[in-house]
Structures are given as C-alpha cells and as structure tokens.
Amino acid sequence: MSSDASSASSGDKSETSSVDIRGLSRTFDGRTVIDDLDLTIAKGEFVALLGHSGCGKSTLLRILAGLDDEISGEVIVPARRSAAFQSPRLMPWLRVWRNVVLGLPGRANRDRALATRYLAEVGIEERAGVWPKTLSGGEAQRVSLARALVREPELLLLDEPFGALDALTRVNAQRLVGELWQRHGCSILLVTHDVEEALLLADRVLVMDAGGIAHEVTVDLPRPRALGSPEFVSLRSRLLGWLGVHDASASETPLERISS
Amino acid sequence: GGAAGAASSSPQVTLTVGDQAKSLQTLLNASGVLKGTSYKVKWAEFEGAAPLFQAVQAGAADTSYAADLPTLQAQSGGVPVKGVAALHNDGSSTGIVVQKNSSVKTVSDLKGKNVVVSSARGSIAEYLLANALQQAGLKYSDVHVQYLLPTQAQAAFTAGKIEAWATFGTYKAAVVDQGARQIVDGTGGRVSGYGFIGAADKALADQGKKAAIKDFLGRLDKALTWSGTHQDAYAQAIEKATGAKAAVAQLIVKQGYGELVPITPAVTKTVQNVADTMHGIKILDPNVNVADSVDTSLFAK
Amino acid sequence: MSVKEYAAPGAVPPKPTAQAAAPPDTRLTIRPARRARRIPRLPRAVRRAIGPVGLLVAWYLGSVTGVLPENVLASPVDVVRQAIELTSSGELPRAIAASGRRAATGFVIGAAIALALSLTAGLFRLGEDVVDASMGMFRAIPWVGLIPLFIVWFGIDETPKIALVALGVTYPLYFNIYGGIRSADSQLVEAARMLGLGRIALIRYVILPSALPGALVGLRYALSTAWLALVFGEQINADAGIGYLMSNAEQYFRTDVIVLCLAVYAILGLLCDFVVRLLSKRLLSWRASFDGDGA
Amino acid sequence: MSSDASSASSGDKSETSSVDIRGLSRTFDGRTVIDDLDLTIAKGEFVALLGHSGCGKSTLLRILAGLDDEISGEVIVPARRSAAFQSPRLMPWLRVWRNVVLGLPGRANRDRALATRYLAEVGIEERAGVWPKTLSGGEAQRVSLARALVREPELLLLDEPFGALDALTRVNAQRLVGELWQRHGCSILLVTHDVEEALLLADRVLVMDAGGIAHEVTVDLPRPRALGSPEFVSLRSRLLGWLGVHDASASETPLERISS
Amino acid sequence: MSVKEYAAPGAVPPKPTAQAAAPPDTRLTIRPARRARRIPRLPRAVRRAIGPVGLLVAWYLGSVTGVLPENVLASPVDVVRQAIELTSSGELPRAIAASGRRAATGFVIGAAIALALSLTAGLFRLGEDVVDASMGMFRAIPWVGLIPLFIVWFGIDETPKIALVALGVTYPLYFNIYGGIRSADSQLVEAARMLGLGRIALIRYVILPSALPGALVGLRYALSTAWLALVFGEQINADAGIGYLMSNAEQYFRTDVIVLCLAVYAILGLLCDFVVRLLSKRLLSWRASFDGDGA
C-alpha cells in the first residue's frame, strides 16, 4: 500500500474534516472517470453518493480506501477506515464468522462470540459456521456488511450495501447502520441507487456526474425522517431530476415512467 | 538366414556395432580399414558397458565391446552374448591411488580404510582391489568399499573427501598428475588386461551377420596393428572425434587395447580366474563358465 | 461522463436470427440426480483401481504373449517371487526405509526453500525480478551435471543425496506456489488490505490459501520427484535404498529386480498421490469448483 | 446435465403451461430449503418471485435452469431457457461482446453487431470491446442481462437483474424486459426484492417462505400500470405485509418503518 | 423457513474491544503512485538480469578465489573461450540444432498427450478415476529404468530420444492442466451450461481458459524438462546434441565443455522462461490478479 501516515498533511481543516479531496483525477486507459473532483466530509458526517451506473462511485471509494494510487490530486483520509464493497469479497477459505473478524487486531480475530453478535445484527447468526460458497446473495452481502461494521472505523465506506436485500432485511440493515453511526460518531460515505434511502439516512446527498460532484443537497430534516413529508418529497423529486428521471412527478416513484 | 555364401555377398546385411564412447568408431575410421565392406556398418554408441549390453539384450546392437568383467557381468545376468575375440593391454591403466600426504603406502595399509571403487560394482578396478588385497594377504572384507562414478569420485578425490581410490584411465592419470600417489597398478597380471568383442546370440545365428562379424574382426585386427604404428595419427583422430585434449588422447592411445587376440584356452583360463575371484567375493553371482560363453570360431590368427 | 439516452425501443431487432430453431414446444423433465435412483455405483476406491490394475493385467498378458520380452521387462510372476525373497531377506524393507528417510529429509528442506523463494518472488516485484529469473535458469541446468559440485561441497555421505532430493523438490513447488500466488484474486487482496491485514496476515489468510490449489499440484509432482531424485542420488556411494537397489540390478542385468524397483516406485507414487488427494479434500473443502461430469 | 428430453412427460397441462413443478424439495446438508413446492407457470406468463433473503429463490431458479439435480419431485421446463444470475458470472477471458453472444448457435457466437445491438439496449455499447474485469458493478449486471435476453428463450429466469442499477438505468432496463416479453411471448420468472417492480411488471406475484409458495396474488391491472392507483397501493401494502413489513401504511414505502 | 426477528438494537456491543487503539485523529494522505513521481526505475529487463548476472559474478569470483575448484567447475573465462571455439567450429550450433529438433518434436507429442489425458481426467469422473490414478503411478516410475524398454520399442535412433522428451513433458503438463481444469469456477461452468454451450464449446470457452494459468506454470516446467530429458536421451547412440556434447565431455574430462553445456542449458532455460512470460502476458491479460507489491 502506498499510503503513508503523514501528520503534516492534516492541514487547516483537519480538526473538523474527516475526508479532504482536492483536484482528484483518475484515468483508465485514457478514459477519465474522475475529473478534478473536490470533496470534504466533516467528522461524523453521513454522506450519500448517487450517480449513474459507471459514473465512478466505486472508483472514488476505492481511492478513499487506499486501494488505488494511480491518481493525481490530493486525498486525505482517516487512518482507520473500513469498507463494504459492491460485491461481498468474502475469503472463500474462511468460515463466515472468521471472515467477519478477519483483520481485527490481536486475539479478536478469533473471537467467534464477537463475530456472532454482529452476524446476529444482520440476521444470519445461524450461518456463522458455514463456508461462504453456501451463502445466498443477500446473506453474503450481509456478512460483508457485518465485516465492515465490526471494526468501528472513523470512516465507513459502503458501496451499495443493501442492494441484494429484501424489504424487511433492508429496513433492519439500514436501521443498524444508522444506529452504529449515531453511537460511534464515525463519518460514512454511502453509495446507493435508492434516492429514498439516501434521503432517509444522510446529512448530505451528492450526485456524481461527468467525473465530479455535479449536484449536492444538504438534508436538514430532523431525524427520524418521514417519507411523506413535503420537504422529503420535494428533495426526492429534485434528486430524481438530477439523475435524469425528469418526468417523475412529486408523488411518483421513478418506476412510474414505465407507464407514461 | 540363408546360405553363408549368398548372405555374405548380400549388400542387405547391416552390422550394428556396439561401442563405448566412440572408441572403436574412431579407431576404425582413422585407420581406414572399413573401406570396401560388403555389409553396412552402423554404430551404436553408449556411455558405458551397462547400457551397451542393455542394447544388445534388446536386440538393438549386434556386437559388444567391453572389458572382461563387464562382459562377464552381462553374461551372468543372462544377456545373450558370446565373446568372439579378445583384446589385450598391459593393465597399466588401472590402479589404486591415494592422496599425496596419505599414510597409506602399500596395499596392506588399506586395511580398515574406505576405498572408493569406480565405475561401479564389478568393474576392473574392483577386481584389481580384490586381487591386490588377496596378494597382500588381506580379506576383501578388511576394507570398506564405496562405489562412485568416475566423474563424481574424481571431484571427491580432488576435494580430499576420499582417501583411496581404485580407478582407471584418464581419471587416474589426472589425479596422479596433481600429485596423487599410485600404490599399485594392474600390470604384472594383477588385472587380466583382456577385453572382449562380443556377439549377440541372435547375430551369430544369422549367417550373413556372422560372416560380417568375422570380416569385421579381421579389419579390427588390422586397425589395432595400425594404431601401434601410427600412434600420433591415432591420437589426433581421437582429439578430433571426441574433443579430448592432446595429452588425454595420447594417454588413451598408450593405455588402450593394443592387439586383437583369439580366445585361446589360455585367455579363457585367465578370465575364468577373474570370474572365480569375483564370484568368491560375491560380486559375480551366478558365476560364469567362460569357456561356454565364447565362440572361438570367428577369429583366429 | 454523461449517461447516453438509450436506443429507441424499436431498435430491438424484431427477430434476431440467432437462436437455433428448436421445436418451440419441447419441454424437459429435470430428473433428480441419478445416484439417488440408479443402482449404486462402484465405490470410488474400486474405480480408481481400474487403471493400475488394468496396467498390471496388460503387463501380465504382455509377458505371457511375449509382447514384452522377458529379458527386458520381467514377468509379474518373477517380480512377485523376487519381492517375496527380498522382503523376507529384509533387503527391500531396509531399502525403502533408507530411501524414505532421505526423501523425507530432502523434501522438508526443499519445501522450505521453495516456500521462502516463492513468497519472495510472489510478494515483491524486486524479489520476482531477482529470484524468478534465476529459478528459471537454475531449473534448466541438469543437476546430473552438478553432482560433482555437490560432492565437493557435501562429501559422499548422506548430505549430497538429501541435497539432490531437496533440489528436485524445490523446482515444482516453487513454480506452482509462485504461480498460485500470482493468480490470487486481486479483489480479495484488496479486501484484506482494507481490513487492515498486515503483511504476515495477508500472506497467511489470503495469499497462501489462494496459492493452495496450485501448491497441491506442485506437491503431487514434488513428492514423486523426491523418490526419483534418489535414483541418481543413490548412485553416490550408497549401500541401501531403492535407487541403489535398482542401479545395482542394472549393473547385473537383473531385470526382475529392476522391475521390482519400478513397481515399488509405482506403489510409492500411488501412496503419495493418495495422501495428496486426502489433503486436497480436506484443505480445499471451501472451494466451489468444477469437479467433472457425472459420467 | 442430467435433464433429458422427454416428450412423454409433457402431460395434460402441456399445451398451456410452460413450467410444471410438483412436490419439489431440495435439502442442503440436512437443511430443507425448498419443501414440497408446487408451481405452474403458464405459457407467456410473467411471474415475479419475492421472498426474504435466503428463502430459496435462487435455489429454485437454479433448479429450473437445470443446474441442480439433487432434488426430489417433478420439474418440467421448456427446453429453451435462459437466465441472468444474481451475480453477473461473465467469463473474464472473453471480451464483453463475446460474453453476450457466447453460446449462440453457429456463426452467431461471433456476431459482434448482434451483441452490440443488445449492449446498446442496456446502454453500454461503448464498452463492448473491453475485458469484464474493467466493468463497474452495474455495467456487469447489464451485460449479464443482455446475455440472457439475446437468446430469445421460451422461459427467461431473472435473478434480481436490476439490483445494481441506478434509477434511470433501471427504468430503461425494466422497460426493455417488458417489451421483449410482449414481443416474444416468452414466460418470465423474475426474482426481485422490489415490490413495486414486481407489481409493475408481473401478471402474478408469488411470495416464497418456509420452502414453499406462501402467498400468491394475481395482478390483473391493465398495462401500462400506474403506481398511484388505489389497487396498486393496496396490492403493494398486502405484499409488504406478507414480507413482514407489517406496519407500512398504504401510502408508505417500507423505509418509513425506520422513522416509526 | 421463517425470517428471524433481528436482535434488539441494544444488543450491539457498545464498545467491542476489537479495534486497536490507533490515535483517533490520525489521518493519511493517499499518495499518487510512486512511479509517477520518483526517479524512473531500472527497466524491467535490467532488473530481471540482476539474478543471472549476479550468479555469473559469483561464479567468476568463486573460480578466481578457488572456492570453486577449477577441475570441478571451470572458470567463466575458459568457458567463454570454449564457447567461441565450438561456435566457430560449428559444433555447438549443430548440437543446439539437433537437441532443439528433438526437444521440439518431443514437446509437441508430449503436450498433445498431456492435453488429451488431462481433458479426459478433468472432464469425466470415470476418466479421472482411470487416468489420474495411473498417471500418479507412472509419474513415480523412474524413466531411466525404462530406457531398456524404450530401446526395445523404439530402437536406438531418434525415436527413443523423442519419446523420452515426450514422457518428461507429459507429466508436468498433465498435472497442471488437470489441476487447472479442476479449479475452474463452478459458477462459470453453470453459466456456460445455462447458455447452452455444448461439450466442445464448454471446453473451449470455459474449461481451457480456466486451466490456462495452471497450464502456463506447467508449460514453464515442461519446457525446461524437454531439454533436460535429452541429457539422458542423448546418451543413447547420439552423435550430436548438447546432451551428447556434455556426456562426451564427461568421458573425456573436459570440465570447460561440461560447464559450457550447463551454461547453454541455463541460457535456453532463460529463453524458454522469457517465451512463457510473453505468452502469459498476452494470454492472461484478462486476469485481475495479485501481481506483487510495488517493492
């Protein structure tokens, strides 16, 4: 890994910001995916990131995770980060519970009780002892989420962590993330395709396009938030508009377009 | 096979001559005696006696060329081959050498020592060791014999890893050159000095081949005679054919078999003694009846 | 980067000529797995014995009919007789024990070297450049040519024999472990880094497990190489061992003993294979991979 | 594959039904995941399958696809099937376009134009020539969808094919599937976690639970459907109730539970 | 199967003692890749030459200081002299050409056999049972012991030499291709079946590409084996070839020629490796796998 600790680099904003990105660019084989992007995430802030498929969300997360250094620009992130990737990326040769606590320091990486507690949180404690290959799609995604949550980071990077979950499981997982965030005060960057999810959870919602942050909206609704409130509905429709679903009326979900 | 006369004149006959390290091939080509044969000579070259006899056994070679002991070993092991002519030298190429600062001065001093034998179990060097010990009044079990291939043993000897080495030819010459002491050699009948040209039973049963072998032996005799009178030309031929250095080539010429002799009862008796000695130290088992393992009808002088 | 407007619906080709015209109404029944319904199959061990036993039979028939001449490949009957004789005289068990000791020691040393080298080459680019190129070169050098050097360095006792085994074992293990490391899924390596695994933990929990399937292939090859190296190793001043037994028999044209040694090698090979199979089954139970058709 | 053509087995219902399942069970290591399940799908029917994560949806699809034969019971399916799996399962060693036409008979498996047409349908024609490893999550999912659609099957099995897509891309992909279905008259079994998606697209919605079809509802709303219609809203709330999101009022989405 | 109610929120451990206490405010700068900023590195070819060149230097120093005795390992100077001489006389090029022809023919035959066998064993359970067990057994049989049999079957001309090469090449390729086939991802095999790929297409588009990384490891090993087998093969009635040159030099005591042959083998090994590297780069460009750290 080519990221080095550098206390000097925590400049003027360091006391309040968790992530500082200045002029970040990333090019794949001549295709610029991230183009001179600036972004600051405050300490303890919950930021949601929306954007079309292929617009560079995962790329941005990988850079913040320190996994991609073929970049230009300046990126400052907390040392203690944790991520749930878009695909579960479980180690197939470790039992589910070992996957959850893998990488925890010291004896904790053998702490089955700890792993089981988090697996219970995502509703699959009874699968703690099996091989990952036997998990269903949603189960694997939940293990991956548990693995990200167990390590109490300062910055939590979540790449569509609820995509493969059914309605009930998803609600529970969202609530779990919300609670952990409030309890530990970490910063969260959540990539999602669900506008309502973004608005329910985040302090700020960003829309990525053309390699940068094209739109940004601060959600200063009080928590817990109600889907039906007029502010919520108008925010949703604004975001959907930015995402290209222009003809969705305030009371419609994007799907309605199918019937138009 | 057909009638002898018809076969011998038939151009169809191909004689596959077994050879070790191009020795015969070099000699016969250099002396030019193979010109005008009525049969075709094909060479089958091998690294040592064992693979050569394997080829004879497999029917891939008609004749063999080896010292007495390897031939006996092959016959003892059931290889269908008969000696058809004997080769002779003075036995000086075989010897036992020790490190230059060794406390071993004579054969009797070998008692209780490790002695390395090359090339392998049942080689002439081992016979020399057995015979020399016997003459010195020792039992074969008084020394501890170790077997090493000559290249390996040479490396070990040079590095001082072995004290006494029963060896032969260029290997012996090389270490003696560097100061090693020879405590005994094969002269004076300590080794028989005999080698054999052998013929596969199957070849002998084929009249055409048998005639070809007979003719070949005559030419080989001439070639050996030539080598005695043209030592320098022969040495140069060896250098050219094998890449050996001049000194080595000269040594080969000097120590090589100097003449082809018929397998007379005297030869048979000498070689039988060798066989009996080796049988006595359980190196040749079962023993070979030499007189039964030769065919004296092909070569006489 | 802007999202393109999708092609107009009409652009969907009305009849892509792609699909073969299977009769439109064909339906299939998904049948429950055969094993549940048919006569139980031959047990695995029996099926795996088909090959070796078949070869044995072929050998026997070859000997009887003379296709395999007696003086080149002794008949199974002779070989069995010889086996009984050498076993009761204790020579064969002693040879196997001596060779086994050498093979085991050499294997352990060679495996340790291979692991160290392949980790160096697999984990560091510089290590790769230096080690991997040298290994490719070394491997190509015939070690029979190096035996004199071995003797100079290691003498003529046990050490050069063990060193030869170690040398023979190192290459297949090195190549396969190195190849295995380099085929580790980069996504998993990334995940592990994100989880904060240090270098040691990364090796232990990600790199080595990834390399395991390859390493087991190498192990299979290396185990038989360990025995084979002794065919040459035991020509160096040995007085026991299967290699010694065999080269000795070669010297004396004892085809029955030679073939007995070959048979012992074959059985040892089967045993080693069996061990590797067991090991694979245990160590790779996490794997969801192709395991051949039911046929 | 252990499925054999058997014309004899197409029994009484064969003229009208596409899929016939009788008493299907599947057990993994003693855990019964599918338990005596019966299901018939008519020719040309569009069926959506809902259910909690891990309830056996993908397992059922794998059985219908002929990939799992350690079953008991009777399953009859059309010979010409096609599937988009939950994970994209692209061959990493084939360019994207080769993946799309892979397996088409004859020369068609080299027909780049055909592949590109379908890739254009899902909005990624410009990525036709790259290696799959360079695709984003949503891009890979779309390639997998294109691969399933290109072969015009009689039964199309879709396992959460829109899970990784953003709102706009998803709407387009849904429309594409709907159109192809209407044009070719194939049967479709769609696994989804999105209740609205199920109601917008399907003729019939099934809810799987405890190894069988626990609930079933026929959606006889006219197409195109409107999200806002009272029948739609009541169906949605019924389905959400079956899925365990009990306190969702008719006008709320499941997410609202977070705020309660 | 019913979905369990989730644990009550309070059950989340308030402070799992898991995380190491890194100072809570530590932040890092993700640095752009070094290669973009530092002095350009040594080119790859130069770095890969470090190992071989280093060994050359060690050899030279060893010869000069007498650590490597002259009569065991000739000095580089002698070897170079010999190389020039034998090259100008045409003997060395002729030897390489002769060995190369044999190695190439044998390799092609061996590779074809290995491919056929590994496909049989990899694709069919019955094939696995019959072929794989036999291969494990055959591999363990020392082929030096089989040379007499080879002579009976193939005579003493070119055929036994080529057969030896083929035999040596078959095993590493077989083991690695078979291992590769068996590590094919079952998810991809399923996908391919679903797409209606027939058996041939399955092999061509799924099984063989999956086995490719393993096969390339085997190829690397097999290519050097091809040359090495000739060390023995060319002891049987050869009059050209590097193996012949070497054993001849052994007979006549030419350590310089022996070492020259070893050097030629080493260079051939490097060349073969280079070819396999190129091939890997081309054939595996689709792969996203671990390629070592930047170090």
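Per-chain residue numbering starts at 1, and chain names A, B, C, D and E are given in the order in which the chains are listed.
Everything that follows uses one rule, which is that a residue touches a chain if its C-beta (ideal position, glycine included) is under 8 Å from a C-beta of that chain, and two chains touch if they have at least 3 such contacts.
All values derive from a computational prediction rather than experimental measurement.
The chains in contact with subunit B as well as with subunit C are E. Think of each touching pair as a link: the shortest run of links from subunit A to subunit E has 1 of them. The set of chains touching subunit C and also touching subunit D is given as A, E. If you average the Cα atoms of subunit A and of subunit B, the two centres end up 84 Å apart. Subunit A and subunit D have Cα centroids lying 27 Å from one another. A straight line joining the Cα centres of subunit D and subunit E is 45 Å long. For subunit A, the set of residues touching two or more other chains reads 52, 54, 66, 87, 105, 151, 168-169, 175, 244.
For subunit E, the set of residues that touch two or more other chains comprises 3, 69, 72, 148, 152, 187, 287-288, 294.
Of all residues in subunit B, those touching 2 or more other chains are 54, 57-58, 151, 154-155, 158-159, listed in ascending order.
Across the assembly, chains come into contact as A-C, A-D, A-E, B-C, B-E, C-D, C-E, D-E. Subunit D meets subunit E in the complex at residues 1, 33, 52, 54-56, 62, 65-67, 81-83, 85, 87, 89, 91-94, 102-103, 105, 109, 131-133, 147, 151, 209-211, 244. The touching residues of subunit D, counted against subunit A in their complex, run 28, 50-54, 57-59, 86-87, 124, 127, 134-139, 142, 159-160, 163-171, 174-175, 178, 193, 195-197, 200, 223-228, 240, 243-245, 251-260. Subunit C makes touch with subunit B in their complex at residues 69, 71-72, 147-149, 151-152, 155-156, 235-237, 247-248, 250-254. Subunit A makes touch with subunit E in their complex at residues 2-7, 9-10, 14, 18, 63-64, 66, 69-80, 101, 104-106, 108, 111, 114, 117, 120-123, 150-154, 168-169, 172, 175-176, 179-180, 183.
Listing the residues of subunit C that touch subunit D in their complex gives 3-4, 6-7, 9, 11-14, 16-20, 22, 24-34, 36, 294.
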